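In what comes next, chain A is part of two complexes: it sits with chain B in the first one and with chain C in the second one.
Right, the complex of A and B next:
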């Protein structure tokens, strides 16, 4: 009975993964892999090089620079999205007029394809012709080099990613909030617990299962959030906003011949890093008595 | 010719999704070509011209059908910024590549090296080759074979707003030094910034580099040159222009921002190429078309030079309809089509005979750009030629935003080149 599952996993996940790992142990690039194109036949001439790629990547400052920023980016985005999502979910969990409208409006960023949102943001951010700077100019404030200054560019990409990520957090946490029985709050109120105490002692523990899952998911997504960085800044200015995945893309798509092997090595390293994070995170949760 | 360059254009999305997109793009529905002497089937043509140009190109391409009624030309406009990656994905994956593509001059050697292009020697695609300008032929050759037919040639020039310079009482600057000196006057008298400096596109770095007597690499002696003194000085020049407010710049969207600034008259000058002539003239600052002047790119401290660019037509090696593709290339690079391209878009022909046509000869833009092209600096036509740009882009961004010094930037670029070109010193 497990055969179909094994087969599907093998084809969809296993083969590309094994292939990627294999490529990372070779010196394959666009010029030496086998191809038949019309009259031209190119034989495969790449060879096995063992861990050379990994050694090259890990001994290069670029990897560690990019890792540093990727961690800042991930932690920044995830914590902000979580906090904003939590605040909004709490507000929307009460009965108020037009609740459906607010909920729908807040899910909107999620409904728009990410690349359209990002392009829109890019137009807003345009230093010379963008609306953001026009608004600031109206208030007598100098133009902000949103995407043209390393620090501003970092803040700008985080802002966009938070904007894109909040709806997911909101929906997930709202679901979590609604699964907390109202009687608990009533009982706590009878006992004289204030709003903060109720939040601290009922809401937070009640949300733990949901929040631990969404934080892990969000961490993995943000760590690998290619479209936001790539479409907004292409990793620039310079390489200020380049995260690990956009750099891996640069290796395998911008350089010529495309460097498949080194890019694969970056990919494997990213996978290893994320697996370690996931395992450590689960351990930590389990220690707190969480069943995951 | 390049405008958005890897980098810019917002449409970059396609590059990211290209693997998926190309699987269903293009289509090579060619049914064999040359059975009884008459060509038939479909020729898919990827055109990389910009928004102001593409309608003309589509018309020209479809004109081929008049000569060969059984051939269907499938015209596809692919934005320049995506075209390189999109073609590589399609060609490498053996699906969805076009039969013929309008290929940037630096891409030909790269694609040929990877086996993606069909050699054109002794095919009908190459016609009256003696008629081609010698410098236009340079980029079509790779390892002794010809992989493309030249279609358009260009270089960078200094576009200037005649009225603004006149109002400021300054002449057209001959050097970047002179430009910097007159910038204050321009600002004070007209409110416009002197220059828009493309800080997002490494191609625009080349005039500064050539101006200091430098180059990216010396392909003959296999030496990396960018990290010698000239490279450092070139980075200093762009930094100086921006810091002194003689120039404005951007790290993104430079193509759009530059053209808009020029069209609106918020900058007096911009370094640009013939491909933006039509676009610029559409702006309010050039309602009087004669207000747009073009001069040679200002010189640096040692020399004056701008890169030679242009577009070639190449045939995909895996094309199912090679005969029709060859004929299409012949047609698109013919004197007639080149003359029409010039009349409609002011783009520069690659055939000597076309320059003899009075209408072309008297075209104001040709009158300027032809001598400029004759004096333009040929780039190293090596397989990695196109990859030399990315490191420059990263470093010029860093210099302009102050996160690297010119010395660090030149060194980092040189290091990146040596990693890319393993046998270079």
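Right, the complex of A and C next:
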């Protein structure tokens, strides 16, 4: 019963992972990997180079540039998504007419495949004809180069990712809010606690378990968020919006010659970074007495 | 590593929120807790309405645009000349139906195989103690943070050497690497809630381990199977990176790849793009509508149990 399972997992996950690490230690590229040209079969001719790739990547400014933007992107997206999600969840957690309607409307972005939404946003952002600029023009404001100016492009991709991410936060936090017993709020009110005090002393601790999970998940997802950037800007203009993952993809699939080994080295570095983040985050939570 | 009972109760509570507690509480206390001034009420509605408009506008605009004549794609007005020309064009004159068929085959196979492998894995991890189990569970967990970039090159080389590039089977294998680890975690959580006595009684009645799993435990885990199925479907239906890298040639593309051909550096066929996008979004949205409540519980459960 166990053996086939271990085998399957080993093959579909273990093998690519080990092979990825191995490739990162070689000088493999499009020109020297095993391949077939017509009927001729060419064997692989790449060789083992040790840590050369890592040295090259880490001593090159590109990696640190991309890392800097990736951190800004991740922190910006996750904090905005969380704050907006929290605010909306709190609003929806009250008795309110039209609650179901609001809830359905607010989770709609989640129901649509991300690549569809991203294409839609590209249409809205269109500099000459997009609806956003038309609306601005109606207000007498000059057209904004949403995706063609480095700064605007960065803001635009963050906006789209926040738009995509809020529904998940909202639903998760709403679930968390509803599991906090109402008696706690009543008791606090009896003791004369104001709205802010109730939020700080009941809501925030009550949500800690849910929020620590969703923040970690959303950090990992955002860090690796490929479709938004790839489809919205292709990493452009220049490489202004290129995060680590899209850059690694570019190295092995868009650049010529395809540089498999360096791309693999980027991949391993990304994985290491994420693991460190996850471990540090869990440590920090444990220190606060969190069972998780 | 071992799931704590607290985390399990928390997730079950999340999945069935006690709606209406606020209301009953408010009714019980003499002074209503949720009583607001009308000004605050207006502010609340204004904020929520604004958020709802922001959330709904892009998909709505997509729908509106898809019914406009091609040349009006960027007009700011609502539909002035209603037409389904974009839809007929996409369905009749492009490869869209081929892409749709490719996607359905790939996603369908991935879902069936993924759920089966995830269920057996989850069951094994939940019931048996074997050497290498802890590393296996760690591996499953860590794969949640695999960036595309670590696996994509080795997978590409692997598929190339097996002759599976441009083959549906290639993408199915790839999607399994994304879906299985996570689903296995979710399934483990479900199996943990099924009493071991059921397995034992099956064993007493002469079933082998697989028979016990297949005849007794699996039917009980049906809700879990549904959630993993939904999750796999949604993930595979919306995947872009692997699909763009492994599938080339018009007739081999999936929907994600095909949609990119309408709007790229060279062409700007927004009319076809919007119509195709609507057709792609509808099935996904329907599946999602069934699954969304359970998805959150399942997703957060996967990590709280770490």
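One rule holds in what follows: the second predicted complex is superposed on the first by the 279 of 292 C-alpha atoms of A that agree within 3 Å, B and C clash if a C-alpha of one lies under 4 Å from a C-alpha of the other, contacts with A are read in each partner's own complex, and residues count from 1 in each chain.
As a convention for this text, a residue touches a chain if its C-beta (ideal position, glycine included) is under 8 Å from a C-beta of that chain, and two chains touch if they have at least 3 such contacts.
Remember, it's a predicted structure, so these values are computed and weren't measured experimentally.
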Given the touch rule stated above, what does A:227 touch, chain B (first), chain C (second), both, or neither? both
Per the contact definition in the header, classify A:72: touching chain B only (first), chain C only (second), both, or neither. neither
Between chain B and chain C, whom does A:240 touch in the aligned arrangement: first, second, both, or neither? first
For A:266, select first, second, both or neither according to whether it touches chain B, chain C, the two together, or no partner. second
Touched partner set for A:253, first chain B, second chain C, both or neither: both
Check the contacts made with chain A and report whether chain B or chain C touches more of its residues. C
Using the superposition on chain A described above, determine whether A:284 touches chain B (first), chain C (second), both, or neither. neither
Please indicate which partner A:106 is in contact with in the superposed arrangement: first for chain B, second for chain C, both, or neither. second
Tell me which partner A:204 touches in the superposition: chain B (first), chain C (second), both or neither. neither
For A:129, using the defined touch cut-off, is the partner it touches chain B, chain C, both, or neither? Pick first, second, both or neither. both
Chain B and chain C footprints on chain A, overlapping residues: 35, 115, 119, 122, 126, 129, 226-227, 230-231, 249, 253
Taking the touch rule as given, give the residues of chain C at its contact with chain A in the complex, in rising order. 4, 6-7, 10, 13-15, 17-19, 21-23, 25-26, 29, 33-34, 44-45, 47-49, 51-52, 54-56, 58-59, 61-62, 65, 73-74, 76, 117, 120-121, 123-124, 128, 130, 132, 136, 139-140, 142-158, 160-161, 173, 176-177, 180-181, 184, 209-210, 213, 234, 237-238, 240-241, 244-245, 256, 259-260, 263, 270, 273-274, 277, 280-281, 284-285, 288-289, 292-293, 296-297, 299-300, 303-304, 306
Chain A residues touching chain B in their complex are 30-31, 35-40, 42, 115, 119, 122, 126-129, 147-150, 153, 226-227, 230-231, 233-234, 236-240, 249-250, 253-258
Contacting residues of chain B [partner chain A, same complex]: 6-8, 10, 12-13, 15-16, 85, 88, 91-92, 94, 110, 113-116, 118, 199-200, 248-253, 256-257, 260-261, 316-319, 322, 383-384, 386-387, 390, 393-395, 397-398, 400-401, 403-404, 420
Contact residues on chain A for chain C in the complex? 1-2, 4-6, 8-9, 12-17, 19-20, 23, 33-35, 84, 87-88, 91-96, 98, 101-102, 105-117, 119-124, 126, 129-131, 134-135, 163, 166-168, 171-172, 174-176, 178-179, 182-183, 185-186, 189, 209-210, 213-214, 216-217, 220, 223-224, 226-227, 230-231, 244-245, 248-249, 252-253, 260, 263-264, 266-268, 270-271, 274-275, 278, 282, 291-292
